[in-house]
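Think of it as A, B, C and D in the order they're written, each chain with its own count starting at 1.
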């Protein structure tokens, strides 16, 4: 297993290898603010369980988490209601796109997993229980600041507003589940929290550090504190592996072999259990809506370092 | 990590724990021969990468592999045509039952993965290229004898015949794909090989030994020979994790955390990369069509031994 | 063909025949106000093209039109934008329940026909073009008063409010289509008009009279004025026949053989081209969501009078 | 209502109008024999309830009935088992293409209606009860000869063989229903009869005459004999209207307003209740798989003659 300087050398080599390919793929445009991002960005950061953080490229430039935030929201919600959450959301890959509503009708308002949009909205609804939207957003932000060890992390207000104005499909999903009784708060409140959560801005170094508790069996290394139990950390990793890349999860597991979560901003978080947490950011997306270069970078890193869990 | 006698003690303890629950669930009855099996059987075997084989309960009693055979047929087919196979079958979880035809119509005859029935029929079709059905069945059987290190492994002719007589749904799937040009041989030949492959009879000790090459990065320990490359072994494990339990794969990954493949005979194969291969057999099934007690036994074993890959 | 007093005798005989069955079926309860209606009501009215109006039972008691209003809203929208409407809504039976969203995802936001909820929302959106919601509701109400020849027809404000509070599924449908660009006005405005249109209260005599223009090739007999061309009247009838009873349309055509439209309030409108317009009201519904006794009454009337168009 | 010479003049005028458009559309090619037919053919025939037969163009040239035969097979099956047939096949439009298998899985092997392929296979299965395939084919042929008043009608053996060799999708449908217990005979026998039924060759004059019993309430005018009751004739017409043009039935009802049945050979049968039976043949198809020019000819004829049932 490679360590220390070897990791730094590896990510620099991989960065160099993929820089010529930057520009391929297509930046998400369904939210106008996302469409403005330079498609040629590429940041890579690796945080290791022994406390090291290695990075290269645009690893210090912030991007909005978008769906990567679903991992942290799920962790918080499990902490709040425990396995009772699974009465309202499933644990199976969906076999359909991230914003599909078909499965919801067939399965009576129960989303297939917490990483598709419908499932993430239920998670947000759970987080709202007993709190005002502003408090809930605050809790999510605090959690990210805690695990990332950085109190400067903030929400990008322009992106949050842009999401709010164009989130018709998410509004449809929430109302649809409300009709089945699987949303308990007003749709506007749920969406408000959800869109702000998606607009949390972090850079690769912060994100890799924030995800590290999933590689350590639940401990936040730099705080010397546990945030979840080992079994829960493992289970979140399992969900990331089977459902973290939407309808491209099987192929990602096949090629990369790591639990991961992607977002339409081009950010990706991948976990190497017991070893490291990896964050990659490159805004241009492939057909499944995952970062095109980011996916290739993770595949190359995992293969070179022998990090596949299989 | 537990070793040697500890493994034997662990499987005996787990066996004892689950014996009182035997009889729950429902033995598969769509093939008459399967319905005749005693639902109270429970066999457990673990083969370790250092060459040990540990077993308990009904681990020496043979059962037909059914869908567990898909792992070995896939391995053979990849050896034959390599990654060209993926032009004819996908690598994504299906989100539908094992014998569903809906996805095939939506995706124009390309099965979602090689572990649902449609995908396994394509794999069989690939194996038939250049060979007679009898030869193809012979090759599959030889491969299993080789990796299991046991030349007495044979096909159960009564089950093979029973499958042939009642395989209407598989016949529908094969004809449907033939209409899309994704089956190249006569349907009767493809089904003939497929049903015989499903009717290969093995016991838990043989099955655990046979699957061990997936835990060793492709090497057959007792033969001191490689059958697949390390990367291919990893990729087969990845497919088993995301697709090996049909529409219960996500939940299985969540609870057990190991690549696995189940069959309607109640047999299950699970892989602990770098450590061991586990075979469990208990005929009564849960709602998803996987062994009810077998799934619980694997969950308990994985948790007690800390074998989860996550 | 029966006439005058024979029609009165016929509807009285059929009314008497079905009174003993009243109470079977289930009143719609998804809107609380509808659930309060006495399930044992039965009103029948027939308006003939020669100007006669025959009625019996609870034919003078008002109920809210619900989906029966879709026929009149469609007529108005076609008058406004002509066949351009068909770029935004299809003309095919849906093969799915009235409030299904599955087809919308498969067909990119274009509803299958104007009589399922999604299609009716598009029709409402068309009616809103260039007008305020209050004006649009006023136009629909005016049109119904004109064709019914009764200026007392009004909206039931309690039902309108009740619909607004519980219309999550319709809100989901509208947002979903908005995401595809097939809704042009704010969802709240579209739903506001739609729910008020559904809450228009009429009795059987008024409804039979209002629908008569579809039996006369477009002429309003009592006004001696045309509201649509003959070919448009025919085409609306055709849509009522193939799509007017949701996923029970085929069976209704088979058993009754008349163009018709049902609503969850238990109201039904059926057209006998060149002969008559029939309104029946009985609140308890069958499994498809159509009036249980109302359907049977129409079947008996059509068979006895020889009114089938086939 | 137009009569006699006026009908002859009308069909000649319409024929002349559409001849310049011949060649548009695409001849069916999934059966090689069908692909060989000249796409520029156009035959029109009208048989009236008073015994007249009017024709023009290629009305004396035979084509194979293909799916138009489903109307006659259904009539025979209803005569054999009566309304018991409806336990095995539905009466609703499918909302999916003619050879879709998706609905069959959702609805457990019960086809939506007798005019999609799956439903027609069930009808054929019913006809086989108590008879050999050869006898069953003989009965269908005899029935067509009887209602057409022409004993020379025969099966095209080359087309029958061609269908048999390429009917994979139908073979899939039959096996799929067999798995649900909704096919009672061997699939090969059912398909054998079905493909021969589809290969019955008739010209427009024969087909218009054969269909006339559906316009007369069940009587065969030239034989002075009834073949079905009036109510059954009406009900078959109703099914033709809601389901006769596959997933284009709603649009056809909207534009033409007549019960009809199409086949991939480009043949079409339309019924004007109490008035006439119309046969049109033009081999090039539109996107829904119905005759492109045939559909337009029927629309023009119905509009000019005022034949719409609405």
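Just so we're on the same page, a contact is a pair of C-beta atoms (placed from the backbone, for glycine too) under 8 Å apart; a residue touches a chain by one contact, two chains touch by 3 or more.
In this text, all values refer to a predicted model and were calculated from it rather than measured experimentally.
Undergrad: Counting in whole Å, what is the centre-to-centre distance of subunit A and subunit D, each centre being its mean C-alpha position?
TA: So the centroids are 55 Å from each other.
Undergrad: Where the CA atoms of subunit B average out and where those of subunit D average out, how many Å apart are those spots?
TA: Between these chains, centre-to-centre, one finds 47 Å.
Undergrad: How many angstrom lie between the centres of subunit C and subunit D, each centre taken as the mean Cα position?
TA: That pair's centroid distance is 32 Å.
Undergrad: If a residue has to touch 2 or more other chains to count, which residues of subunit A qualify?
TA: Subunit A, residues with two or more chain partners: not present.
Undergrad: Based on which chains touch which, is the overall arrangement a line, ring, star, complete graph, or other?
TA: Topology of touching chains reads as a ring, each chain with two neighbours.
Undergrad: Any two chains that touch count here, so list every such pair.
TA: A-B, A-C, B-D, C-D
Undergrad: Would you tell me which residues of subunit A are touching subunit C in their complex?
TA: That would be residues 100-102, 104-106, 168-169, 171-176, 178-179, 187 of subunit A.
Undergrad: Which of the residues in subunit D end up touching subunit C in this complex?
TA: 90-96, 103, 112-113, 231, 233-235, 237-239, 241-243, 247-251, 253-255, 257, 259, 273, 303, 308-310
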